[in-house]
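Lettered A, B and C in written order, each chain numbered from 1.
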């Protein structure tokens, strides 16, 4: 469920990047004060481990499909939130670069969905309280249940994030309810599978090295005091809630600005002032329009075509198609010409 | 003050899980000596070596480097004086390129960039790996990795070299090159190894470690002739001697 | 397991392509990173129904691949993997957006088809840009660029460390899995999976401890030192970045495909 650049708008993409970058900065500050100087190599090899582990599957009996671990909850259990988050961010970055699993603009969103949500919501708000309730030595089944539950919730939240980010971007015209109906159940199943895998792994480690698992006294001693977990969690929840409310608003009201204007002035559009600068700006804005409108004609019958789309006429359309083909031919020819490469030259 | 001496006095170490690894180790190694530490698996060789640069702190007793005990205050100085080469070169080559890895130790000493580069290249040239400077470590052969690991330690210009199984995993040619290289070093050398033939080539003095104690301290000739002793310590006569 | 093989091959190919000596490889890597980010932002900033206007932007990856001596075929094979995912979401568009928007040669094309096509073009452009970026720079130079651009050092160190041990760990995993496969004719169930990964995880943790000991032995006190030549921004880098940015803005504000189309129509008419 990695987001792709193609489904993002610049506004949503950069907002998610800001969210992830802020979290990263907080974590980096926190980790610098962490007394465990063994963190650097530990995080490094654990990142490599999670990356490689995601490429091995186990079969789910009876279904013929396979599953694997995600890593967010496992890393949080081993390393605690901030360090786990940095590791996840690094795994996602390398996935984006090596496998094209999620784009570079979408990386911010992916780090948020698959990093912030599991490490700073699911882990501290689901796993830890559940395990703490088990007293000084929580039972094995409690630990495993907490793991599965935290994984499931983490993935549900992550899927929600994908849905809102895609919907808000407006490139995909999948209606919100259909999207939710598709994503959430699928990720419930994925969450259960991933949770089972993570729990099984945790159980194995518990047997061999109980001191490593969070929930066991030696490890619980490490503190998250000082790290604004609650603030980050609140922030994450607010972002999602805002996304949900906003997109609900957006789908009901095709042109938010126009609607607001209508409410305020009683007229559909504010008459623009006629100074040349305003006109030039209006033209520029019409062309650049970074935030695409959200109206999808299928959802409100009878509504006229959106105001921002340039006037459609047959001549323009044919020119556009012809020009597009021409461009394609030109670029392909260039690519073919340039491909007469020199043999790979020596190292720099 | 000679900082090339290494001494252990009643050194004992118990692992956190309660398993005793060293049980009263005593030895004195002088300036420029080349000493082999041999023993079966689990005898405590690696554990002993980790005490010589303060990575492990003894449960009882002490280690002295150049007449100074190892304390948290002088750890940096100790680690400059004692260069340790580990068994698995992959554990030691953790930087993105050979150059950066060899420079790692030096970078902690606050050297100017050109002096740093000069020391790095000099170390690489000594081990014959100058042409590998921009290679990432995962693209090195076993012998190359070992050479670069040694360079990484040499660059810090230590007085004492501590090595854990330096010849393990090397093909015969790489092994021969390693022995020739080590033979040319003036440093005080402490080598933990299973490779008894290397010991004969390089080390005029041998310590046998068994069950956490030094049970023998002498020349290779004397110790390797004592079959009973070797067997008791889970060892065997070296190949080159058993043919006689 | 084939994904691990892909990874191993990928790392080697990356080293080879990034290690070449080209004009591009002598550029400050920050210029390339910034240009690529600007490119991606430009691509995604188009209106959802835009298809033809996006196409001129394809010049960027094509030219860059040439400058960096990256075979487009390699990019193409990776694209084949990335496209289906974009398709999976985009394919609902024609269903949920059936109102006709455009008329070509007498046929009405609905908005849904337009946006689907747009998604495909965007996918190709953005994925190609990212792949070419890493193929030209390689991980160390990319991290140097990110570091100097303000990324927290803890993340750049993490990326480098992870990248360093990726091959090793992937090989270990592959060996273990192969050993298991050779002794069993059943697909791997959860119990064995947990055991396999568990053993590997324990080994990984032990290795982490040994690496830490090796780091301590050479003077590590908690902060990774900064090694390597500092990046030097040159005039050529400014020129390169400026040309890229101007081109992107121009292609974004002027529909070059339409212009070309009008010109062609005039010629043909």
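Following the convention adopted for this analysis, a residue touches a chain if its C-beta (ideal position, glycine included) is under 8 Å from a C-beta of that chain, and two chains touch if they have at least 3 such contacts.
Just so you know, these numbers come straight off a predicted model, no measurement behind them.
Colleague: Measuring between Cα centroids, which chain is at the maximum distance from subunit C?
Modeller: Measuring from the centre of subunit C, the most distant chain centre belongs to B.
Colleague: Quick check for you: compute each chain's CA centroid and the global CA centroid, then name the chain with the smallest gap between them.
Modeller: Central chain: C.
Colleague: In whole angstrom, how far does the Cα centroid of subunit A sit from the Cα centroid of subunit C?
Modeller: 16
Colleague: Could you tell me the distance, in whole angstrom, between the mean C-alpha positions of subunit B and subunit C?
Modeller: Roughly 43 Å, centre to centre.
Colleague: Would you kindly tell me how far, in whole Å, the mean C-alpha position of subunit B lies from that of subunit A?
Modeller: Spacing between the chain centres: roughly 48 Å.
Colleague: Which residues of subunit B are in contact with two or more other chains?
Modeller: In subunit B, the residues touching two or more other chains are 94, 134.
Colleague: What residues in subunit A touch two or more of the other chains?
Modeller: Residue numbers touching two or more other chains: 41, 44, 347-348.
Colleague: Please output the residue numbers of subunit C that touch at least 2 other chains, ranges allowed.
Modeller: Correct list: 11, 19, 160-161, 163-165, 168, 207, 211, 215, 220-221.
Colleague: Where on subunit C does subunit B make contact in their complex?
Modeller: Result: residues 11-12, 15, 19, 139-140, 143, 160-161, 163-165, 167-168, 207, 210-211, 213-221, 225-229 of subunit C touch subunit B.
Colleague: Quick one: which bits of subunit A touch subunit C in the complex? Just the residue numbers, please.
Modeller: Subunit A reaches subunit C through residues 2, 4-10, 13-14, 24-25, 27-28, 31-32, 37-38, 40-49, 51-53, 55-61, 66, 69, 86-87, 89-91, 93-94, 96-101, 103-105, 166, 170-175, 178, 196-197, 200-201, 203-205, 208-209, 212, 284, 287-290, 292, 296-298, 305, 308-309, 312, 314, 316-324, 326-328, 330-331, 334-335, 338-339, 341-342, 344-348.
Colleague: Along subunit B, where are the residues that touch subunit C in the complex?
Modeller: 50, 53, 55, 76, 79-80, 83-84, 86, 88, 90-92, 94-97, 99-100, 103-105, 107-109, 113, 116, 134, 136-139, 152-153, 156
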